[in-house]
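Order of writing sets the chain letters: A, B, C and D. Residues in each chain are counted from 1.
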Amino acid sequence: MEKIKTIIHEEPNLTKPILIEGLPGVGNVGKLAAEHLLDQLKAVKFADIYSVHFPPQVVLDDDGVAKLVNNELYYSKAEDGSHPDLLIVVGDYQGLTPEGQYDISDHILQLALKYEVQRIYTLGGYGVGKILEDPRVLGAATSLELVEEMKERGVVFSKGEPGSGIVGASGLLLGLGKVYGMEAICLMGETSGYFVDPKGAEAVLRILAAILNIEIDFSELENKAEQIDAIASKLKEMETPQLEEAPPEDLRYIG
Amino acid sequence: MEKIKTIIHEEPNLTKPILIEGLPGVGNVGKLAAEHLLDQLKAVKFADIYSVHFPPQVVLDDDGVAKLVNNELYYSKAEDGSHPDLLIVVGDYQGLTPEGQYDISDHILQLALKYEVQRIYTLGGYGVGKILEDPRVLGAATSLELVEEMKERGVVFSKGEPGSGIVGASGLLLGLGKVYGMEAICLMGETSGYFVDPKGAEAVLRILAAILNIEIDFSELENKAEQIDAIASKLKEMETPQLEEAPPEDLRYIG
Amino acid sequence: MEKIKTIIHEEPNLTKPILIEGLPGVGNVGKLAAEHLLDQLKAVKFADIYSVHFPPQVVLDDDGVAKLVNNELYYSKAEDGSHPDLLIVVGDYQGLTPEGQYDISDHILQLALKYEVQRIYTLGGYGVGKILEDPRVLGAATSLELVEEMKERGVVFSKGEPGSGIVGASGLLLGLGKVYGMEAICLMGETSGYFVDPKGAEAVLRILAAILNIEIDFSELENKAEQIDAIASKLKEMETPQLEEAPPEDLRYIG
Amino acid sequence: MEKIKTIIHEEPNLTKPILIEGLPGVGNVGKLAAEHLLDQLKAVKFADIYSVHFPPQVVLDDDGVAKLVNNELYYSKAEDGSHPDLLIVVGDYQGLTPEGQYDISDHILQLALKYEVQRIYTLGGYGVGKILEDPRVLGAATSLELVEEMKERGVVFSKGEPGSGIVGASGLLLGLGKVYGMEAICLMGETSGYFVDPKGAEAVLRILAAILNIEIDFSELENKAEQIDAIASKLKEMETPQLEEAPPEDLRYIG
């Protein structure tokens, strides 16, 4: 089969939309933030992206109905023009291989170019290995002008953080987007990396919402964060010296 | 070479056939069930599917005659019209990589579309890690209507089972089949996962045979099940604490 | 680059040649046998096969001159017509991946079809895990008629040996060759699998030479075998219980 | 996306340029040497090579500006004609897979052929597992004439070094270059392999600069070498028996 099969259910009519990406990653920060944004905006799904680069797998809903794993594209238009048009990409998985990562990010960018996207925000987590009360939002961008613009929004640019660069869709959409002449910013919420982290997601989404002039009700994310905090506290009570450095594999993601 | 090379020996004349898949997997439940169905129906092999996605390997028969590993397509027509026309896919292996899995499942679906297949049953095992007297048959399907239809046939739909979805050909034929507009159901026989499991295969095939209005003689599967039970009993006598959790690699599949 | 790049230095004029394959494998039995045949026949190299499926590597000769790793095709014509025309494939490596194995074997078969090859002998080793005084030559073939023909030549066909089939080029040339309508036989010399094994190679080549009506001087292979025997004897003196079952990695191949 | 995407910013006007490759490898000897040559010659970057064969990753500069990982092509022309025109390839990574290695090396050679390159120098390290005061420069080449020419320049050709041939871009550009009819030489500076090694790089570059008639100021490389020596000395003080044979993974590369 073709490497990527995209089914477009509806051709949205958008004006210079902004692309927002929130795929699974460290602490699922980007995914949580993008999905919460979707819900708040009542964004509309208009395309499914299937690919040989995803696991050969269906997921089941609570009734037992199967869905092939995929990435999905949503759009949102403000009826009152209060915020810019948005394209939002979320999904079950990122590409499994380096080549798969490139193919899928490039495919998303070709779609973005078709809809005349000029700016991209990619959302992710920055794993720091410890639980933080007040996570920062670190940034990377495709130009010095964008770096300055983001600093004014409260995004932290810190030399050597992240030291190894940005891996995966959040990195590639920046890097390939720059090659295609687009402006792109990566917003990374600090996270322990041990759990799905709604607190990191909230930090990222607060900054993004302010930039895009969108009002967000964060109570649902905050509830989730409290549940995770409760679990983390219980784990801390049981804490052993090893746990501080490397928690058991199966506790890292709860979600 | 081309990724998949299919040699069609005979073009069967079929009326809206139903596709049944039984490739190797957990407990080889699907493979055993589909092969037993083949034997009982005296189904006719009409196509061989070779692929770079299979192991680079020949298997030998008892005389030393070599055959390249493959997937095979059989058909069955009831002369008296007592059951629907069937296409049955069995084989030595599934694709070795995610991309291989997608390519081969898509290829089988393209063949199915050519023969105007509208419904698919994929057969597999659901590993539960312990030996069961009376295995259930769990299900997944491409729509809520199909879920309801299968429940009436005794298929169990249980929220969160299997929690991680369905991986491999049995999952992909559902997921991709749905994308192509086909109805598809996965029937999963519970199995310990330690042995080739004719008991799980029988449970699956009893439900499928009832749905398709086919009479099956299960004595051969039952004999195999007794042999496996005897081996399992012996192992239980020798059982050590470790065995209960993780039996030696070379005891997991006997077949 | 193209997946396989073949450079043909000379177009040999051959009459229904027989293809012989001896690539690296268990005990390097097939490689040793084919290379000894080459030397004895003063066969002529006429083609180099390079491929992305081989390691990205050059090997150096004693002077420091580099050569990209490859497979090579030789031909041999008997001036007096005493033996059939031969195509012989040898090389540094087999394909690194399953897909690479298929691509290269298929490529060799396409070349063989171009030269109107109708019969193939693939040479390999059959690892038995212990040192044998008098190794048998096991066989596999693409038809029952060929099995019978080979039995008359002293090739052993033994049910369940090798139980797991034949993996790699020696298997694929049989399996794919059969799909293309060619006759193919695999000759496997028994070998411990611990060392490069000239004795196993001699056993294979004695049978092949008789079939092809070629006179071979085996003294060089026998000298090599004596050297290996001497090393094996020394190792046996130093033998520890572990050694009998699994010799150190770096002793398995000396060549 | 296409497997390799090259963006040429400027078409240099070069006369039979010599291609020099210095990509990451053992001790980063080749990379350090080529980058120091670039700096000294004030060479001009004229092309970026992106590929699905590189990691799916951006790297960040000190300001937080992202760049997709790549290979880069520079050129240098001597205004006074004192040295031949040069094409220099450097980069963040080599291809991740064997196929990626072949694709990228072949791509670089196609560019080289376009600019009428007739000779190639590939620069690398030869890991010897201990720290040397005065590293040799070992060589490999595509013909005996080149071997002789290099010996006169002080390059060491030593039978069996490196015994396993040359893996990666430094090997492939030789091997594939030879297939395309180009002259190619690999210069390998001895290095412990434990650290980024400016001393090995200096040894390689001294020979290359003499061949190319280029004057180089080595003070910067020598400063880096002193820093590494200081670190190595401290490690030696802390030395344990294990360290001598296998230093901790995270000390092997500092750079």
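Rule of thumb we're sticking to: a residue touches a chain if its C-beta (ideal position, glycine included) is under 8 Å from a C-beta of that chain, and two chains touch if they have at least 3 such contacts.
If you're wondering where the values come from, they're calculated on a predicted model, not measured in any experiment.
Common neighbours of subunit A and subunit D, by the contact definition above: there are none. Interface note: subunit B and subunit C, two copies of one sequence, contact each other through mostly non-matching residue numbers (shared numbers fall below half of all numbers used). Averaged Cα coordinates give subunit C a centre that lies 37 Å from the centre of subunit D. Work out the mean CA point of subunit B and of subunit D, and you get 53 Å between them.
Across the assembly, subunit D contributes no residue that touches 2 or more other chains. The chain pairs satisfying the stated touch condition come to A-B, A-D, B-C, C-D. Those residues of subunit A that touch subunit D in the complex are listed here as 95, 98-99, 101-103, 105-107, 139-144, 147, 157-160, 162, 164-169, 171-172, 174-176, 178-179, 184, 186. Across the complex, subunit D is touched by residues 1, 3, 5, 7, 48, 50-60, 62-69, 96 of subunit C.
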